[in-house]
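Heads up, there are several structures right after this.
Both complexes shown next keep subunit A, but they swap its partner, so subunit B is in the first and subunit C is in the second.
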Partner chain A sequence: MTSTIADFFAFALGVSVIYILAAQGMTLAGRTGVFLVYNEGVMQASASAGFLAAYLNNGNLLIGFAAGAIAGGLFGVLMSFLSVSLKQNQFVVGLSLLILAEGAGNFMYKAAIGETFSPPSVPTLHGFQIPYVSSIPYIGPILFQQNPVFYASIFASILIWYVLYRTPYGLNVRAIGENPRVADTQGLNVHLTRYVYTFLGSALIGIAGAYIPFFLTGSYTESLVSGRGWISIAVTLLGGWKPLNVVASGLVFAGFEVFSVYGQLLGLPVSSDFLLMVPFIATLLILIQVYRNAELPQGLGRNYDRESKID
Partner chain B sequence: MVQDAGGSVEANEGIEESDRTANNPLVSMRSVVKRFGSILALDHVDIEIMLGEVLALLGENGAGKSTLMNILSGLYRADEGEILFEGKPIVVRSPRDAIVRGIIMVHQHFELIQNFTVLENIIIGTGSNEKGKEKSVRKEVEKLAAENNITLDLDARVKGLPVGVQQKVEILKALYRNPKILILDEPTSNLTPQEVDSMLSTIRKLAEKGYAVIFITHKVREALAVAKRITILRNGHVMGKFSSSEVTADSLVEMMMGAKPSSNLESSSHTSPPSAEPLLTLSDVRTGSSKGRITLKDINLTLNPGEILGIAGVSGNGQKELVEAIMMLRKPTHGSVRLLGVDPMRLSTKEIIELGVSYIPEDRLDDGILPSMTLYENMVLGSHDIEPFSKRWIMDRDAMIETTRDAIERYRIYPPQSEARVGVLSGGNIQKLLVGRALLSRPKVILAHNPTRGLDTRTTDLVLRNLVAQSRENGAGVLLLSEDLDELISVCDRIAVMFRGEVVGVLDRQQMDRYRIGAMMAGGATA
Partner chain C sequence: MKAQQSLVISKLLPYILSFLGVVASVGILLALIGKNPFEGYRILLSSSLGSPGSLSLTLLDFVPLFLMALAFVVPLRAGKYNVGNEGQFLLGAVGAVTVSFVLPNLPSVIGIPLLLVAGMAFGSLWAVVPAFLLYRFRVNEIVSTISMNFIAYYLVLFVTTGPWHNPLVGYPQTNQIGSNYILPSLVRTPQIGTGLIITVLAAAIVYFYISKTPAGFELRAVGANPRASLVYGIKSNFVSAMSIVQGAAIAGLAGAIQVAGLLFSLQYGMQGNYGLLSLVPALISASSLIGVGLISFFIAVIDTGTSALQGVLGVPYEIGLLIESLLLLLILLAKGYGGSNR
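Our next item is the complex of A and B:
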């Protein structure tokens, strides 16, 4: 039983990478005022791109992650072009791209692999034994035997926090998300910054997507993302677009997801369908409470047009 | 003499430098044209800006003052014309181009980020690539503040700071950018008379220190008090350029408005408050607390028939909450209300309107109109389901249009088309529509929240006249909430002053004094 508890937490940390990376991606774009909603689709497309790239390169996961990031980044460029340059509604653009991305992911896979009896696979990520500390009972297996991407995602989160909240440059970036007109009148480049951060954020969402086959399944299926993109939006909301809070909320939601899996394994006397609902119900309950007090970037979701007369 | 200086750059190209430098403008804008769609906002405008003096840009709302300065500060781009900086033509493509030349604009609607601290707001966009300089930056800002007699808590969040303080943050933020030219767009709106005086003296001192200050205003008195030169704009044209010593206030008003100012509103007869039962009585009214809102504390007010009761106060001191409490949008938690002879506590807002209460909301875009519907539909909204606009569940479109035509004529709403969508109207025209709608049903109680904000002088006059007429002729009671003290003093029978959710005093006509009211608005005195 004790090792089950350690396993539970170790697995939850592994899963949390998906949420943390995707939510940091949303946070990056959101802090400049671009509200990304297409995580579910972009993660599917980049899971497909990442898997195919790795599979066609003898299971090289690094190439796979790079392909995932590029796929995500491409959607970021499309998103910026349509919303920042053409000033189309961010949510409409996001949802359209979501559908496009989902289709593109499945199409790419079918075009490259076709229908197969048993799906091709790549080796999954290995745990990384950190010397000395990895053998500490409980804590070692949970914290110090994770895969490298986990550590990278924590490092990236701290870096994002530091840059956004501890540097004058980060203040400028956040100013754009709070009030683009103020930022513009202070000589900051609103459009370029939004492009860059939407690109970077979407690339992170892409890495999160590629992580799913590389961590969980080793192969690609059409329902690979299965709602995790939507939950990553909830993670961002719960984290209030603040990088460190996003890490914490990513861990919480990973815990719910893993709980619903373990609940079935442990044979809890509850319908498995109900257990699968747990993450979504938790999302609902947490957000109802949290969202009303959330302090969002004030310019979130609003496009900026310098010469528009209405403030 | 001023115009000569503007032309001298071109005409006197051959004359020795030393002779001209004193009179040479730092910046001249020449023949500037700006269109917004089909609207010509600026039509070949020329202005000259000198170092070490205050230039007032005087004009009504929509005259083009802010548009002109937005072009100089790089926010808008001119369609035609040129900008000369130190005699050489420059291209200002973005605010950055203006900032590097020391052209800094403080915008009318505060450009502060509410979630950031004062210091963060001041340093946005500066030194963006330097790290770890926080302490020296802080010292620099503190020094700058001390030099200009500005006291501020640099770590306070802007959200929740009083308007006067936010204005100081704006000035400090501008000074931190090492300006040569400081453009202040209506910097005195929302300030109490005392704060206005201190702002004007700050502006004079800045000019003495050698800055070129451009003071955008529609207040003739302030322009004369602070500026050396005054340039008047009307409908996108320069109407004249004067030295402030050679003009009178009356002639300035006339040029600004394009017509002689109509006779003073004050002359309209004030009937002494009748002894009849008050239309509205609030006794010890309190409201509950909620995030970001002011709590009303023991409000006692009466509104008599035929009376105009003004509510003065810096915005955000409970005015909105007061109106909401009367309309039962925010139910009082304590005390009692009596409205037109009944207790409205259990009534819905619709029922209160049906009693004969009419409300001109403050936030005209969010609360007032349906932008994608037509003028006539918006005009009759609220009374569209009763006679004469509806008969037996069928709307009478012709009756609606006819009524709307009358209102268009009466309030000079532009465009004068009943079937135009309201979304295309300017803010001022939307406001006229809202006033017209509020007065359509001959209400017994009128709650008017900043009904003249954003209107030009003539329309302001028109709206106030209509409110006065409602009270004098129809015996309606008007609760006029306004941030413009002159307006309140000119039409009100009594003025109640609000500060932090309390009524700190009610003054009758003999007691009305700008400075006294200003002190009360700042919480410094009671009646």
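Our next item is the complex of A and C:
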């Protein structure tokens, strides 16, 4: 029983990387005023790109993650071009790109691999034993035997927090998300900043997508993302678009996901179908609380047009 | 007259250019994966429009697509994104089989209307949750309706593997509904089923509702400017929340028709890609229901054609999603360059 509890938390931390990275990506773009809704699709496309790149390079996961980031970043460029430059509604553009990405992911995989009886696979990520501390009972296996990407995602989160909330530059970036017109009159480059942060954010979402096959399955399937992209939006909302809170809320949602898997192992007298609903029911309940005291970037979801007279 | 003509052309131009762009890029895509583009076009069109039989297949696909697009358009007119139409569709299907299994011996005259109404009711009830969350707590409907989709998938899995499970198939699927619940087909070739008639009727009702009734006016007013509507005396929050429930009734109807007209049982995964695909006509042509119908038909052609393309040429079926999203993106691009936003 004790080892089950340690396993539960260790696995939840591993899963949390998906949510933390994707939600951190959304936060980056959101802080400059661009609302990304396409996580689910972009994660599918970048999981495909990442898996294929790794598979064709003898299972080199680093190349896989790079490919996932590039695939995600490409969608970021398209997103910014259509919404920031051409002023099309961000939700409409996001949903359009979501469909493109859902199609592209499976299309690329099938065009490259085809339908196979047993899917090709790559070796999954290994835990990384941090010397000395990894052998502490309970805490060691949970915190100090995770894979390198987990530590990288925590480091990235702290870095994002530091840059956005502890530097003058970060204040400027956030100003663009709060009030682009004022930021513009202060001489800040609204469009360029939105481009850069949408690109970076989408690349992070791409890495989150590539992490799924590399951590969970080792192979690509059509239902790989299965709602995690949508849940990552809820993670961002619960985290209030603040990098450190996003880490905490990513852990919470990872807990729900792992609970829906472990629930059966623990012998809960509930049908597995209902356990699988848990993360989504939790999302609904949490959203209620989130919107009661929501603090969104004020310019979120709205395109900025310098020549328009009304905001 | 001449000025009018050129206005029509300039309005249609982005759509025509986008269509040509899609045709060209699909050709390039086919060539890239080593297939003959012209062979591809030929198979795509002949398998979806080439014969009465293939036209029947396309029309069968058109019915759920068009209804799902309407289920997205109605709330969209009030400024809400009902991406949960997939879950509402599934609940409609659950409602349909529930009626047929709980009341197995009703005569068709009562049974079929009851089945359709149950589909609409189940679909709407499913949307009451996100609508209430939106109305009461201002919860963004995109995430909440999507969450309801996933809950619906697992609910369908539960129902299709539960007591109504058909043990003869190795797949989560219920037993067949009774023959008294099956929608009759009116014309054999090309097959025109009752489902198509109901769909056209539903579209007419939606059109009448949106453009000719006071409630439809309120819906459009809220979509155009919720704050101004509130000042004018319209309960904006209530109208926009209710729009999701109304859209959901249409999605539920689609699910019920799919059960009673095509599949004759509830099947896990029966939603296919309808949710995603239905966004395309709705987002391209939110302001014109005729446009939604035409583009839904276009998508049904692509959807049917690409299934054949996969079977004959081995082109992945997902090329359909690429075609449809490209059309949408190119139209956004053209609109962007034409200087119209939102």
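Here is the rule we go by: the second predicted complex is superposed on the first by the 310 of 311 C-alpha atoms of A that agree within 3 Å, B and C clash if a C-alpha of one lies under 4 Å from a C-alpha of the other, contacts with A are read in each partner's own complex, and residues count from 1 in each chain.
The definition used in the following text is that a residue touches a chain if its C-beta (ideal position, glycine included) is under 8 Å from a C-beta of that chain, and two chains touch if they have at least 3 such contacts.
Please read these numbers as outputs of a predicted model, since none were measured by experiment.
**Student:** Which partner does A:158 contact after superposing on A: first (subunit B), second (subunit C), both, neither?
**Tutor:** A:158 sits against neither subunit B nor subunit C.
**Student:** Which partner, subunit B or subunit C, is in contact with more residues of subunit A?
**Tutor:** It is C that touches the greater number of subunit A residues.
**Student:** Quick one: classify A:136 as touching subunit B (first), subunit C (second), both or neither.
**Tutor:** So A:136 meets neither subunit B nor subunit C here.
**Student:** With both complexes superposed on chain A, which partner does A:187 reach: first (subunit B), second (subunit C), both or neither?
**Tutor:** first
**Student:** Please indicate which partner A:62 is in contact with in the superposed arrangement: first for subunit B, second for subunit C, both, or neither.
**Tutor:** It touches nothing on subunit B or subunit C.
**Student:** Which partner does A:5 reach: the first (subunit B), the second (subunit C), both, or neither?
**Tutor:** Neither: A:5 stays clear of subunit B and subunit C.
**Student:** Looking at the overlay, what does A:265 touch: subunit B (first), subunit C (second), both, or neither?
**Tutor:** After superposition on chain A, A:265 lies in contact with neither partner.
**Student:** For A:175, select first, second, both or neither according to whether it touches subunit B, subunit C, the two together, or no partner.
**Tutor:** After superposition on chain A, A:175 lies in contact with subunit B alone.
**Student:** Which part of subunit A faces subunit C closely enough to touch in the complex?
**Tutor:** These residues of subunit A touch subunit C: 37, 78, 82, 85-89, 91-93, 95-100, 102-107, 110-111, 114, 227, 230, 233-234, 237, 271, 273-274, 276-277, 279-281, 283-284, 287-288, 290-292, 294, 303, 305.
**Student:** Please give the residue numbers of subunit B that touch subunit A in the complex, ascending.
**Tutor:** 36, 73, 75-77, 94-96, 99-100, 105, 107, 109, 111-116, 120, 123-131, 133, 365
**Student:** For the complex, give me every residue of subunit C touching subunit A.
**Tutor:** Its residues touching subunit A are 33, 81, 83, 129, 133, 137-140, 142-144, 146-148, 150-151, 154-155, 157-158, 161, 276-277, 279-280, 283, 314, 316, 318-322, 324-326, 328-329, 332-333, 335-337, 341-342.
**Student:** For subunit A, which residues count as touching subunit B in their complex?
**Tutor:** By the definition above, subunit A touches subunit B via 167-169, 171-172, 174-175, 178-179, 181-189, 295, 297-298, 306-307, 309-311.
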